[in-house]
Every structure is written in C-alpha cells, then in structure tokens.
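A short worksheet on the structure shown next.
Every chain is named by a letter (A, B and C) in the order it is written, and numbering of its residues begins at 1.
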Amino acid sequence: MPDSNVYARPLLAVRGLAFSRNETPVFGPLDFAVDANEALLVQGGNGAGKTTLLRVLAGLLRPDAGSMDIDGRPARHDLRARFVAYLGHLPGLKADLSALQNLDFLCGLHGRRPAQTGESAMAIVGLAGYEDAPLRTLSAGQKKRLGLARLWLSPAPLWLLDEPYANLDLDGITLVNRMVQAHLRGGGAALITTHGAYAAPPVRTRLLELAAIA
Amino acid sequence: MMWQAARALVGRDLQLVWARRGDAFQPALFALLTVVLFALALGGDAESLAPVASAVLWLAVLLAGLLSLDSLFRGDAEDGSLEQWMLAPVPLWWLVLVRTLMHWATTALPVILAAPLLGELLHLPRAQLPVLMASLLLGTPILSLLGAVVAALTVGMRRAGVLVALLALPLYVPVLVFGAGAVAASAQGLDAVGALLLLGAGLVLSLALAPLVAAAALRIAHN
Amino acid sequence: MNSSAKNRLVRWFHQLGSPPTFDRFAARWTPWAYLLGLLTMGIGLYGALFQVPADYQQGDSFRILYIHVPSAWMSMAVFALMAFYAAIALIWRIKLCEILAMACAPSGAAFTLITLATGSIWGKPMWGTWWDWDPRLTTELILLFLYLGVMGLYAAIDDRRNAARAAGLLAIVGVALLPVIRWSVVWWNSLHQGQTIRLLGESSMDASMIAPLWWMVVGTHLWFVGSLLARARADNLRREAGKDWVGKLAGHESLEQAR
C-alpha cells in the first residue's frame, strides 16, 4: 500500500492521444492513467511507436489529437518541466566534459532533489571514482549509468524511461529495477518502454501493449 | 530559476571552450586567411588596399562568423543536449539567447580583438579604426542572433553547408550595409553616428526577437 | 451578410481544407484562371505595344515597363502572401496553408527573375550597362535569394510537414526583414553613388498609358492564381499518395487493384 500518497489524482491521465507522421498513424487513440507508486510498462515490437509515445508525453512532440493531464491539470510546459523527467536514447551529455561537470550542468538546468549531490548520485549508480573522468573515456554502459544518476538527482515525480535496460549488464539491470522500486516507494511513478525481453521491475506494474499499425 | 540556468549554461560553455581551447582561434585564423587572400588578389600596396580595407575586414569577420555558425547548435543537437533544454523549466528562448551570446563571445570576439592587427595588414587608415571597432561590436552580435535563427532552421540537416550561407546572407545584408557603410561614411567625412545608432537599434530588436524565432525553429526542426 | 450565409462561407472554408475537396476545387478552377490570365495579359500587351504612344524621352524602350512593373508588384505581393499563409499554417497548424505557402514560392521567384531581366533590359539604354546597382533592382535580387532560400530549405528537409513549417518560418522572417533590407540598400546607394536615375519615371503617367498597365496587373494576378492552384494541387496529391481517394482518382477501384 502506498505509504506517502502526496498526489491524490493520477499523476498522468491520457485521453484519446494519437500521433501520426507523414500522414501515417504511429499510435493512438490511447487512453490510460498512471498513479503515484505504480509503474506502467509499455511493450511493443520495433516500430510500434513506444519511443514516439514517450516523446509526446515528455512534450517534445505535439500530438495530433487527445489530451494529457498531469496531476489533474492540463499539461503545459512549466507543469511538465516540474513533474516529468525523461531518459531517452540520447543521454544529453557532453563528451568533452567530465562526468561530474555534466551532472552539475544538468542539475543547474533542471533543478536538484534536496539532500542529493552529484557525488552521492554517482556512488548510487556505481560510478564512484569516475567523477573527473572525461566522458569519452567511459563505456556505453557507464554513460547509461551516468544518465541514471542524472535521473536520480531530478526532483520530478514522473519518470519516462525509454529502453532503460539498453547497454546495461546484469548488474545494471538490477540497478534500474532497484532505482525504480525506490522511486515508486517515495511516491513517484514511472513509464517504462521495453522490448519485453527483460525482467520487469519488481513493483506494482500494469501493461500497455502498443501494436504496430500496419 | 532563469539566472541559475543561465549561470549553468555559461559555466558549461566556458568549460567546453577550455576543453577544446585550440579550436577557439579558428575563426580568427580564418579571418586572417581571408585578409591575406584579399591582399594577394588586390596587390599589397597601400593605394589598392587602403580604400577597401574596412570593407574587406567587415567581410572577413562576416564570413568567419558564417562558418562558425555550424558549431552553435549542432553539437548539442547530436548528443541530445537540445532535448534537455526543451525539457527544462526555463523557456527555450532564454537558453538560446544565453547560448548565442556565449557563442559570440567565444567565436566573434577574438576576431574583433584581432581587427586592429588585420587592419594594419590592409593599410587601414588609423582614423577609421574607432568607427570600425564600434560597428563590429554592434554588428557582430546581430549577425550571431540572425545566424542563430538560420542555424536553428537547419540543425537537423547533415550537410547544410552552402544552404546555411544562402539562407543567412540575405538576412545579413542590412547589417553589412550599415556596418561597413558607417566606416565608409566616416571616411567620406560624413557622420557615422546615424548608421551606428541604427545598428544599435537593430541589436536591441534582435536581442528581443531572434531568440524567440530561433526557439520556434528548433522545435520545428526537432520534430 | 446574414448569419446563414456567413455560416455557409465558414463551412466552405473548412471543407476546402480537406484534401479531396481541395483537389476538386483546384482541378476545376486552374484552367479558368490560366485562360482568363492569358486573355487579360494579351489585352494588356496589345495595348502596351500598339496603342500607347511612344515616350518622347525614351522612345519605344519604355514599353517594357508594362511587364516590369506588374512583375515587380507580383514578386512582392506573392512574398507577402507566402508569409501570410505560413503564419496561418504555423499558428493554427492547417495543412492546406502549408501547401499553399510553399506553392507560392516558385511563382514568386519566377516573377522576381522576370523583374530583374526586364529591369536590366530597360536599364541598358539608360545606364549603358546591363547592370547598375540600382536600389530597387538590388532589392529584387536579394528578394530572389530569399525565395531561393525558402525553396531550398523546403526541399532539403525530409519530413514534408516540418519542411513546410521551417520554410514558412523563414518566409515570415524574410517578410519582416524585407523593408529593412530595402531601406538599407537605398541608404547604401545614396552613400556611394549619390543621385541615381530612377528607373521608373515619375508616376505622372497620362491616363491613356495606364489602362494597359492595369490589364497586365489583373492578368498577372489571375495567372498567378492558376499556377498557385496547379502547384498546390500537385503537392497535395503527392502528400496524400497511398490514400484511397488518390487511387480512385487515378482510375483504380481500390488500392488493391492498383497493386
């Protein structure tokens, strides 16, 4: 049972959401909601529109139809910026800077969760000691972990994770699951896309199946 | 919130320039090369060079700025940083404005500082130097801001090269005309203040409007 | 206009936005626009060449004004129209306006080219050279580059909607800067060359000389409407290729039959 349900209404409520590109529909119309303390797994094969759905929810793309409510209010840019954290394919990290420099910049941009620092977040994701390492010396898996550290520092309650298990080894997969678990326990929520090949996080989850529109 | 984000972006850009400090001189080197080429094409004597020196300098600065436009947004677009900007709680136009001004400071300002030296190479009459510097200081930020709009429109494209120049140069015409014209006016004994004031007004307008348009263009291109 | 007539008009505009309806509309009116345009331009040219007396100063060479002036006006008007359509397309996201905005560009560029060519031909007897940096023609030249930029940007982006929106935004920026460009070129010209011979004589044209000009103005407008509809129709069909109604238009019962 949720031990801190700060948000009385669903964190995210979606009605009739649809998106098309070059006249071909990519997904929709979709109706679903995500409450606090729960995770929604979005499954579907390649080309089913999972990434596009997450980008629409994040506010990077405008949907053709439908509405989104965040915390009961219509989704606007400032509301989304406060409530939503997005981890996509591109991590948004500068190769010329060190790991810690990257984290500090992104925290300056998005804000930081109180009582967390760049160092503590890096320790949580298993990158302790790599603070001053130039980003280009890190492997793909380590860069992914750095992205997870940035996510950990974000104050936003709703996580949109696009293929969070990609590039990670078994330890990394466990890390993602543990992070999602802790985040949900703290009153957050998560939307996770996956091919379906990886184990689901051990939390209360629902499934959203996206069929590729032929 | 906006000042915090601006400080973070300024800090990041300074760190990036420091990480690749060799690259910072490239626009200035290009301007120097352009000046050398003009001198070679025109003949190195003072009679041929002095009358056109201010115009050649203006062109060298403008072309150097045009070439460096590519680095304004492309790096951030390719590694996903632009996405993070769009998701941030501060308006995108604010980040675009800060980024453009930092880009100007790191690419155009070195060239402007080199201008007196380049003027010597072109036998620029000393009396024209103050007006030239003033026109460059007022005009190059406008070029950066207008260039930001063009760079934003083409940020998705792989080999935008000549297309960027084709899009930017018509927009650059008023700045070039009033900038180089200010120096030409003062050379003829006329008052350059009018042209410089017009540049100043253009700068204010560009500061207000260009970031908004560039932000809209970035969103379109990022679709 | 009473409210039911106004409602019908509003409904008609909405319907026009649907691709098959626009296709029918364009297919129907394009030939008429071209025909009427050719007709009126023919009348205007006849008047320009044979009815209007020769100018006492320039002889017969001034007659090219009857092509030059309408082309110049069209080159500016079409750019403004393009920016107008683009603004509507960007604010209200209406696909038809995206198509119309992009369809304006090639016609506008053509008018600009004609303006430059006729201006150069007209100027030769007066200046002695094919090109003199006359402020009006210089502005037309920069306008040509703006048109080419819009067309180039539209062609360079893969996604058609994004391409139209990006090129449309450029057109809006262009239209906002065009007066500034014009003003700067005039200032530049006065700075470097002093007084210039104005290409267009003072507008104290005799009434008998103006009539063919208005025929030409109307004719070029009609011709432009024809070419706009034709181009927009083609772009519309290209975008909708693969849909059932396009297949039916091509004479197939259904898309399956087409394959």
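The rule is short, and it goes like this: contacts are C-beta pairs under 8 Å (C-beta built on N, C-alpha and C of every residue); 3 or more make two chains touch, one makes a residue touch a chain.
Everything quoted here is computed from the prediction, not taken from an experiment.
If the chains shown are joined wherever they touch, the resulting network links each chain directly to all the rest. Overall, the chain located most centrally, as judged by its C-alpha mean against the mean of all protein C-alpha atoms, is B. Ranking every chain by how far its Cα centroid lies from the centroid of subunit A, the top place goes to C.
In this structure, the chain pairs A-C and A-B differ in their number of contacting C-beta pairs, and the larger number is found at A-B.
Chain centres here are Cα means. That of subunit B falls 33 Å from that of subunit C.
Annotation: 48 Å between the Cα-based centres of subunit A and subunit C.
Each chain gets one centre point, the mean of its Cα atoms, and the points for subunit A and subunit B are 38 Å apart. In subunit A, no residue reaches two or more other chains under the touch definition.
Residue positions of subunit C touching 2 or more other chains: 159, 161.
Shared interface positions of subunit B, defined as residues touching 2 or more other chains, are 223. Those residues of subunit B that touch subunit A in the shared complex are 1, 4-5, 7-9, 11-12, 15-16, 19-20, 75, 79-81, 83-90, 222-223. Interface residues of subunit B facing subunit C in the complex, by the touch rule stated above, are 149, 153-154, 156-157, 160, 163, 166-167, 169-171, 173-174, 177-178, 181, 184-185, 188, 190, 195, 202, 213, 216-217, 220-221, 223. Note for the complex: subunit C touches subunit A at residues 159-161, 239-240, 242-243.
Residues 90, 142, 145-146, 148-149, 152-153, 156-157, 159, 161-162, 165-166, 169-170, 173-174, 177, 180-181, 183-185, 187-188, 191-192 of subunit C touch subunit B in their complex. Across the complex, subunit B is touched by residues 58-62, 78, 80-82, 84, 86, 88-97, 101, 104-111 of subunit A.
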